[in-house]
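Several structures are given next for inspection.
In the two complexes below, chain A is the common chain; its partner is chain B in one and chain C in the other.
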Partner chain A sequence: MSNGMKFRYPVDGNDFTRAGEISSKVKKQLKQLGLPPEVIRRVAIIMYEAEINMVIHANGGTIDVEITPEQIRLVFSDTGPGIPDIEKAMQEGFSTASHEVRELGFGAGMGLPNMKKNSDEMKIDTRIGVGTIMDLIVKI
Partner chain B sequence: MKLAKVQELLDAKIHAGAELVGQLEVKDAFGSDLMSDVLAFVQEQGMLLTGLRNSQVVRTAEMMDMQVVVFVRGKEPDEEMVSVAEERNIVLMSTEMTMFTSCGILYKNGLGTDGKAGESLV
Partner chain C sequence: MNVSELKEKLGLTQVAGTDAGEVSGCYIGDLMSLAMARLEEGNVWITIQTNLNVVAVAALKEAGCVILADGAEPDADAKAKAEAEGIPILVSKKSAYTLAKELGALSV
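Take a look at the complex of A and B:
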């Protein structure tokens, strides 16, 4: 389990234009490793939604990617405001995104449900004023 | 449908991936200004039509393996978007037509209808 490949990437919270660059990098890497397209697609969707969330809701953070022959583990950690009501946040259409974010094409409240749909396991650990850790697994 | 045909039908300008226009074909498309909806609903559609104009449009297409983005309502991509698209072999086009008209014309000409264009699909 622990003899997989591990990568850590910082996410810049101030640059919406560049949000998604890490997702793009990891997607390329998974392609090079020859993983099944379906797995790559699921990881890409999760990573991109989470990366965008870190930028628009949490002022950046860190992404950890761990690849083993069995699974890909994705951990998104931020020191943002935390999520007061996870159950609500997980509902399709629920969003606290600002008008500005909506004009950029996000903030439709589809991110977290789509991350759940595309993962085999999803854990959220959040504390108000401290931050949020999302831990997801995609089985290969 | 050949991309060259898409370009002709929409009277579109090419901004990136010009060399691919003569080669690529698309079977289906998705139209939206909400990128999260693209990430949630797109399956095999290879082309995105959108009225949104920012770098996340190109990123979203990349994530979903969509090879073509058509900007509607006269929106044109900026340099940054063009360079990301060129790097990823994504074609960027723009048309003056609205989303409704663009989709209607493509659909009428067989895109996304599995060759059943003109028949009542309802």
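Take a look at the complex of A and C:
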């Protein structure tokens, strides 16, 4: 990562009671920095979806946030099972979430599409049995 | 319209948060990702989901309030988080459809 303000947050796996906390924290930071509301909105959506994905699918992970005057870079790293078929995972409505998780209102199959829609760049590096790294950029 | 007026006009019971905030527009749905994508600031969010993730999404998207329809009640974690985040939660025995019709008639 290049120069800028950098923050790292660990995400607890399987802890739905804390899901959304990091998104909320980052949103507050961005507001304090006086960034445009539209940028904050997009980052909040990406952060929340990624955070939830890590809790549901990957037993947690790490979120790196880097803020420069031009962009916000969000890197989500986990050591989960990996994504077998990215093309399918990117389709709206496709989900591998369990019945239990769906009952909580998740598993709409909108997570990755929402992340893509709200970012300017999105790269996914996933390896089965090793983990997934998602690298997203939101331009300011 | 503020939450207090909304409560009175729709006969809602408030179970968390304050009632001073303004509301406008409405979103109805029970899937978090869709709500995350579609909720707009100040919206009334009608849902039957009662877990704390509703509060997390409502807070991130700055919803005006959450109405739990069909007699749904928030669980204890959701209530505590709503108090902490200042998200008003209101409950009603009415269906989402009836609530939406009433909101429409009030031009919310």
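Methods note: the second predicted complex is superposed on the first by the 139 of 140 C-alpha atoms of A that agree within 3 Å, B and C clash if a C-alpha of one lies under 4 Å from a C-alpha of the other, contacts with A are read in each partner's own complex, and residues count from 1 in each chain.
As a working rule, a contact is a pair of C-beta atoms (placed from the backbone, for glycine too) under 8 Å apart; a residue touches a chain by one contact, two chains touch by 3 or more.
Just so you know, these numbers come straight off a predicted model, no measurement behind them.
Asks: After the match on chain A, would you call chain B and chain C a fit or a clash?
Replies: The answer is clash.
Asks: For A:E49, using the defined touch cut-off, is the partner it touches chain B, chain C, both, or neither? Pick first, second, both or neither.
Replies: The answer is both, since A:E49 touches chain B and chain C.
Asks: Could you say whether A:A58 touches chain B, chain C, both of them, or neither, answering first, second, both or neither?
Replies: neither
Asks: Is A:L104 in contact with chain B, with chain C, with both, or with neither (first, second, both, neither)?
Replies: After superposing on A, A:L104 lies in contact with both chain B and chain C.
Asks: State whether A:L30 touches chain B only (first), chain C only (second), both chains, or neither.
Replies: In the superposition, A:L30 contacts neither chain B nor chain C.
Asks: In the superposed arrangement, which partner chain does A:A19 touch: chain B (first), chain C (second), both, or neither?
Replies: Both partners, chain B and chain C.
Asks: Using the superposition on A, tell me which residues of chain A are in contact with chain B and, in the other complex, with chain C.
Replies: Chain A residues touching both partners: 16-17, 19-20, 23-24, 27, 41, 44-45, 48-49, 52, 104-106, 108-111, 114, 117.
Asks: Under the stated contact criterion, what part of chain A meets chain C in this complex?
Replies: Chain A reaches chain C through residues 16-17, 19-21, 23-24, 27, 41, 44-45, 48-49, 52, 104-106, 108-111, 114, 117.
Asks: What part of chain A is in contact with chain B in the complex they form?
Replies: 16-20, 23-24, 27, 37, 41, 44-45, 48-49, 52, 104-111, 113-114, 117
Asks: Where on chain C does chain A make contact in their complex?
Replies: Going through chain C, the ones touching chain A are 30-37, 47, 49, 51-54, 56-57, 59-61, 77, 85.
Asks: Taking the touch rule as given, give the residues of chain B at its contact with chain A in the complex, in rising order.
Replies: That would be residues 33-37, 39-40, 50, 52, 54-57, 59-60, 62-65, 80, 88 of chain B.
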